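Following: one structure in structure tokens, then a few remarks.
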């Protein structure tokens, strides 16, 4: 499971940014800001979440499938990815 | 801007749930959990973010376009929605 | 239902372009072209389909919700849109 | 490039179904059918396109990355997939 640990700092930094964006969204909702700003803030939260997903998936492809120790490990990681990707491609 | 304020409690509760899910994801990454769990946790964060987006957009349609005070307000809110939706439909 | 009829030519032209792109994809698969090209062709078909969806939804917002004859018609068209949008935001 | 050729019949059958669905959509637009039906038909075309994309990507993971002849081929196919997936996760 080296890949996740290896990118830990980068991934956790992304998570903190998303939390900050969610915080800004909550404040905008709470303070009754104009709906267009609220929608814009939420769209950027969603974009950041997709960016995080993209990074974790890319690491998984490179480190757990391409660099897998053996064919069995590569196949298992491949099936893990296929299952997750089905949630993107409905 | 009544619609966002009206659903404020529900929307802010959803945000807190997403923050909780992101927290669980961070812990899994930090503790080097198996990659499949990490991917699953992140996919559920992404699903929850889409759910939040769906709710805010639905409120916007009902309260700011259908129930708009006049045609001008409805048109402005309609264009706001069109701009946000383009980010979903790339 | 004026909006769809009004944009008919533009929408049908988009559909024909997508069909052409699907045709190019089929030929690439049939002739055993390199997988990267096949993936690229399909990604562009998917982008074109999203573009068509975006255009039809935009027309629906402008002509069937914002310009609806009355509140009842606007509300019905609004609920139609909400149902369709849920399929994007899973 | 065996994977694409191997599933050729299945993939080409999916393409033909999508073309049929696009044809039904065109007829609905042309005949001025109710907008809700038109939106529903298009949403199913989009779902079918995502299904096709999902199948081609799954084949690519299994046959071109997991079953690659060597590490270099696996890495190249992995990078191909990463590029395509970025278009899903914007």
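Remarks
Chains here go by letter, A, B, C and D, matching the order in which they are written, and residues are numbered from 1 within each.
Everything below uses one rule, namely that a contact is a pair of C-beta atoms (placed from the backbone, for glycine too) under 8 Å apart; a residue touches a chain by one contact, two chains touch by 3 or more.
Because the structure is predicted, anything quoted here is derived from the model rather than measured.
More than half of the contact pairs of B-C, counted by residue number, reappear in one of A-D, C-D or A-B; that pair is A-D.
Where chain C touches chain D, over half of the residue numbers in use are shared by the two copies, so each contributes mostly the same positions. In whole angstrom, the spacing between the mean C-alpha positions of chain C and chain D is 15.
Centre-to-centre separation of chain A and chain D, using mean CA positions: 23 Å. Computed centre separation for the pair chain A/chain C is 27 angstrom, with centres defined by C-alpha atoms. Annotation for chain A: residues touching 2 or more other chains are 47, 50, 53, 57, 81, 87, 90. The touching residues of chain A, when paired with chain D in their complex, are 47, 50-51, 53-54, 57-58, 61-62, 65-67, 71, 74-75, 78, 81-82, 85-86, 88-90. Residues of chain A that touch chain B in their complex: 1, 3-5, 8, 11-12, 15, 18-19, 22, 25-26, 29-30, 32-36, 38-40, 42-43, 45-47, 49-50, 52-53, 56-57, 60, 64, 77, 80-81, 84, 87.
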